[in-house]
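Note that the chains are named A, B, C, D and E in the order they appear, and that numbering of residues resets to 1 at the start of each chain.
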């Protein structure tokens, strides 16, 4: 099995390096094809491994070589394929294979075609390292690696100012979280003496709660950055400046879920600290609602989907925080499928609309882009959690888990969010595909995407529809290592009421969205009453958080840097040094007149020197001669 | 008693003479006062029994040194009134008075140490000149000879500096000029 | 030959430099490259022959110089110094090989060869005075390089560089003399031998004073905040090759000296000053990173980034445990490679445009894709991306210091954020966007000569990031012996508490080589 | 009546006089030769002087051998004192003189070298210095001092241009005042102890337990004034820059070395016992002298525009630095003094010689003085070897290892450290750093600036001949390879100093 | 009223101080040299006195050599002055200030 492990791991690397060879040359179709094939081979290997694990095989654990070893620290390049990581591997390789193939079409006309595949494959490799590593340090390699590739891919169109800005923002925001992660790793090392998962988990039970809490918090801070949880969420929406396949792969299906993966992976830790878990769950629920609310009014197709991703990540964290790791993981998987599908569909739309993103400028596209319409509708249904699509199985289980754990507030929030999700998803679908063909105003002639792109997307379509089937096998698989409960509400009646109630609520939301937007006819110009209402503005400006960051953090950082340089460094630190030198030089300059060159003055200096010596001599001589008297006087004075 | 009177008298005279020397604006007065002061100093030597020294003082100072200075004065044409720009008088007076007072303060107190042994005691019944000769040509033979070298140096120096050799400066001349001068046989 | 390999390594370039005066101008470059290549090959041989499993000094040589005053020409390498020597040889080779056509190439190469002598000498010296000799001597060629080939402020910069470091090292010299005197008092024999000094246990107050004296010398060289202001000038004005060598090797002398002198000689003082120095290091990390962000000149950005990274090295050094110290030494190598490469990269555009102002550039990724790629790799290495050389060092340094202070490490860790900020911002300004300045439209991409220098650096940066073991192991062994020595020597409770006892935790064999054995 | 005096020749130890008499004989020979046949070329006199100096040198070697066997030798009614200090000082004096005298074989003609009197006076001067160091009798010290000083004044003036006369007159006048100080100081000590021999003075004072401390201090004050003048300690230094500037570069270099070592020896003889007697006043005053001299002269050197004047101030600073050895007063410190001065001889004479070979007769319009900094701009481009050598001397003066002066500084600072003068050691170190600036300034001009238009580099060697180049070569080799010689030198010096009881 | 050694020492000091005044005050070099003669003479008085009171001849020796030195100085000093005067026609020391700083 190790062979498959290595293939799964290194095929993307080979793909990346191969494509990298051609980065400086014009587009070469075969780089895309080779890359896709290599990623596909990785998918196949992952599938083989999945089958092996499903068959009840022992987790595959390899230690390739030593990475760092010093003192007591020993970090190998170790990889493990167990139930959790194989799930992630499947998700990653599957979505990436599809995205790769899709990108051959999507990036067709781009100058940086070869470079794109190099970055994309590099990302897959990093993600594989992230999920397959058997220790925190290896995870961190992948963690940073995906950050790097995300930077490269968001800023892929580096001639665009916004794109590069977003890339840097994403990288730096992630770095903030990475610091937390790093501290978490340090804590793990100094308290358990190892960074290997098995060793560390075994040692956790011996540690006191305070330490564990700190570890849990810091690791979660890392997860917050990567998964764009509040308050580090702003980068995700901005990251939509990257090519859409990137958004599909990185900012929907895989990288952003790394945080969830981390929490799931460290489940044994979070089990020991339920308070932190509750915090994670609460934050997740909050983010779910918070992001969904922003998605309600946004006028950027990709951003809406991005907020939706954010919201779904909130769901995952809510589940993971409540200890329902397998549920979180399952939702992660399901979400990957339908969200990637949604993004790729959005990519088709963008392609068709010449990179227009405002859904209000579209409308009626279903006639031109039939398949895309179908796919996006199904993906939205899945997202909304309509039976029998994938989302239903995963999301409802989260609600059940929240209910079963008696966290009714979280349950309520998540339930309400489910309605919002349905609303904004179908607001989007309705605006894009239904109603009047508003794009005609702008003189755009949309067309359907290449066929092979649609074919490439089809596995996702299928999975979005049927992934619910896997719920039980999945549960059975992961329960071996995750502390998994089946969340059964004791009363079947309650369960039924909940299920049906939720479905009805969601369906109502969908209908409302259709009703409101399916026949939309005009492009809003910011004059309507609703657009000027406080709530609308608040939501549209993302609660003014980016504005706050820009005004109060970025600007003040810039100003402070400027002050540090021009004032502190130049005017204080350096000026002190120069000042000392200047004083020495200046003293020389001022006192050089002592050397007046006049002989008489020179002689006077000599005599003055002598007199100086003599006065000292007399003072000292008298003091020495009358030392007894002086001492007695001094002692009389009480000195 | 005689000694005391003589001391104070000559002390007064030397101080006055030297004072005139350093303060007068007439160069000739200064020269004369210096010569007089030196002669009065020789009086101390006689009082103190250093006859030979007194004689040397008169011969060397009044005879040789003063003659040289007189010659110099004529050469420099400083027999008239000397105009000197004076700087800050207070510095001069202050410094020298301070120096004097400081030393006097110490010197006015008698010495307490008593371990002084005369290394070359005066010999009873022997004239001062003889004694001096004895010490000078035994113990101080080497300094005496070095003094001779010193005088030789002074002589050579005086001849070199004041003679014609310094009239033309080779240092300041270019090579061409030097060749010309050489032809004139002025330079060696 | 192997017995005297260190002497050969030191004096071969100097001798070659002297002979270089006889070479005609045309052949000078070839001569320089071949000399540097031989030197590099010799250094590789040294590495090959080095037994990484031994913790003590190897290839020791000793020759009496002023025996009556205890000064001996003693050399030796251990895992700590070995790699910096190799790096010095490596960079001299790259530097000479990629030298652009400047005025007086001949003198430049001769100067570089002399510089190499001093660099190797500093790291191979095991006698305080010999160390000091090379330490000071290294100033001269560097001052000449800055002053003769530098920018408009070159004279100010070179004088500042010289005087600042010279002042610091003179204070250090006084410290060394005290150290020798205490050794004399303790044993009745004068000695400046480092290994002799290692055996001397000093009372705490003396340790504190001497530590301070050495600290001034080292801190200025590093340079530590607030003694750092010479560095931006030196880098800003120096020609490319000067900045490269300065950043890659010369700065490491300071941090190396901390490990070689301050820690083992004054364990208690090191423990005592750990927190204040860590605070200084944190200021270095964050403050200079912010200052770097405000820079307009790309070279200044990298200059300040050097200071920032040196902060992490200092932090790792004063972690006083194996992880931290090993990490800091590895980071010295890492920063050497990365900063050296970045300065070389800046030199590439400077050669083409004769300006380093970021506002003059923009969109270079369009016209110089290879260049942008290499720059990006090195930038990522600089911000400490895992699997690059810097990450290993930074990770270990911070990890090590975490044992001593959690909160300070957290603060220092901000460095990885602010480091990313200025680097990415600078990269964005130079490479991203449209080509706005028409002068940049036809800039040629990196040429072969530049690739000759850059590609090996990229390879090293990644190779040692992925597989640091061959370097890390020897360092680790030597560091263990130093830490154990410190623990054994420390006399205060603080020292005992802060410096781990390795013997207790795990059996390790500490070998002590002494000068007597060599003689 | 007096009894006839019987003195055995053996007790006189006439041989103790040989080293001093050799130059006297040489000087007389030169004078006689000139009388017999005038107009001989200067090279003859140079070689003759060298010959006599060589003989002098060997005779000092001879006395060194005697000292190594028998210890201190007294002679000529105990006036002559041949101890380690005397021998070491004579070595330095003769060596420096031998390095100096070939410098008169210049390519250009200068006034003083054309006259045999120059060489005669020079040899007389050397003998004066030798007498000065080889005795502890204040009278002989005084006479020797004056002999050499008078000769020196004349030698300076013989350069024969306005500045040199000005320099000579200034030096002379101040020297006369200093002579007054010296004699007054000697008088006070004579009054105190009835003796003019330093060792007896020390004995008597110690026997009295320094009862008349006031008198002692007055005497010391005057003596200090006289020595401070000779050693150019601030504020008695004012002559030094002007005299160095006024005299020829070679003479300036010579003056920075030989008269000072002679004065140092006398100062060492005179102050050592006082320092060790625990007079706080003296320690304070010497401390002040050392610090003031080092620091202030460094500051003034910073602001100079002429290299020779800069070197003059730097010489003052070095003198202050070495004065610290007298203050510290241990065997190590006194040895350090000699070590320092030997190394300083090579370096400083070398750097002044470099100025000397670049001496022009006519200054270009833009050049303000003989050796202004501008003159050396871009020297590396036009005269690389000369620039390298000059740079070498500057680095050595700055105390950069491993060049000569570093070892001197090292040992001297170490002696301060060893005797607990921590602050002094730090001040000395920091002053070396300040000094680094002005030495570097010249290097900056030479190596980093562009040459003035029309400068083909010839002017840097305008005055060069083989003889001058040889001397510079010797100085350069001595400066670079000093580290080889440190150990034997140190052992030799320490043994001699220790065995002389210092 | 016995005249003791101290009297002579004080006298010598006063004379010395007068010499110092002259040295500092005089701008005419020739007259300045007079003052230096006074300095040396004042010391001679003291030497003779000490010699007398201690019954020791060394003081007289010293005075003797001081006189010799003074005489030599005059020779050299006058020589220098003559050269200077030949060039500049002045022996005012204010004319001697081409070097300074």
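Of note:
We take it that contacts are C-beta pairs under 8 Å (C-beta built on N, C-alpha and C of every residue); 3 or more make two chains touch, one makes a residue touch a chain.
From a predicted model like this one, the values you see are computed outputs, not experimental measurements.
Counting only chains that touch, the fewest steps needed to get from chain A to chain D is 1. Shared contact partners of chain A and chain E, listed by label: B, D.
The largest tally of C-beta contacts between two chains is found for B-E. Averaged C-alpha coordinates give centres for chain A and chain C that are 35 Å from one another.
As a whole-number value, the distance joining the C-alpha centres of chain B and chain E reads 5 Å. Rounded to whole angstrom units, the spacing between the C-alpha centres of chain D and chain E is 26. Taking the mean of the C-alpha atoms as each chain's centre, chain A and chain B sit 98 Å apart.
Those residues of chain E in touch with two or more other chains are numbered 5, 9, 16, 19-20, 23-24, 26-27, 33, 54, 56, 58, 61, 65, 68-69, 72-73, 76, 79-81, 83, 93-94, 96-101.
In chain A, the residues that reach two or more other chains under the touch definition are 581, 592, 595, 597, 599-601, 603-604, 607-608, 610, 614, 617-618, 621.
Contact with two or more other chains is made by residues 139, 143, 146, 150, 153-154, 157, 169-170, 173, 177, 191, 194-195, 214, 217-218, 241-242, 303, 437 of chain D.
By the definition of touch given earlier, these chain pairs are in contact: A-B, A-C, A-D, A-E, B-D, B-E, C-D, D-E. If you check the complex, the residues on chain E that touch chain A are 20, 23-24, 26-27, 93-94, 96-101. In the complex of the two chains, the chain C residues touching chain A come out as 160, 163-164, 225-226, 228-230, 287, 290-291, 293-295, 321-323, 326-327, 363, 365-366, 369-370, 373, 376, 380, 383, 385-387, 391-392, 395-396, 398-400, 402-403, 406, 409-410, 413-414, 416-417, 420-421, 424-425, 428, 431-434, 466-469, 472-473, 475-476, 479-480, 505-506.
Those residues of chain D lying in contact with chain E across their complex are 138-139, 142-143, 146, 150, 153-154, 157, 162-163, 165-170, 172-173, 176-177, 179-180, 183-184, 186-187, 190-191, 194-196, 241-242, 245-246, 303-304, 309. Looking at the complex, you find that chain D touches chain C at residues 380, 395, 398-402, 406-407, 410-411, 413-414, 417-418, 422, 425-426, 429-430, 432-433, 436-437, 440-441, 443-444, 447-449, 483, 486-487, 490-491, 494. Contact residues of chain D toward chain A in the complex are 169-170, 173-174, 177-178, 181, 213-214, 217-218, 220-222, 224-225, 228-229, 235-236, 238-239, 241-242, 280-281, 284-285, 296, 298-303, 434, 437.
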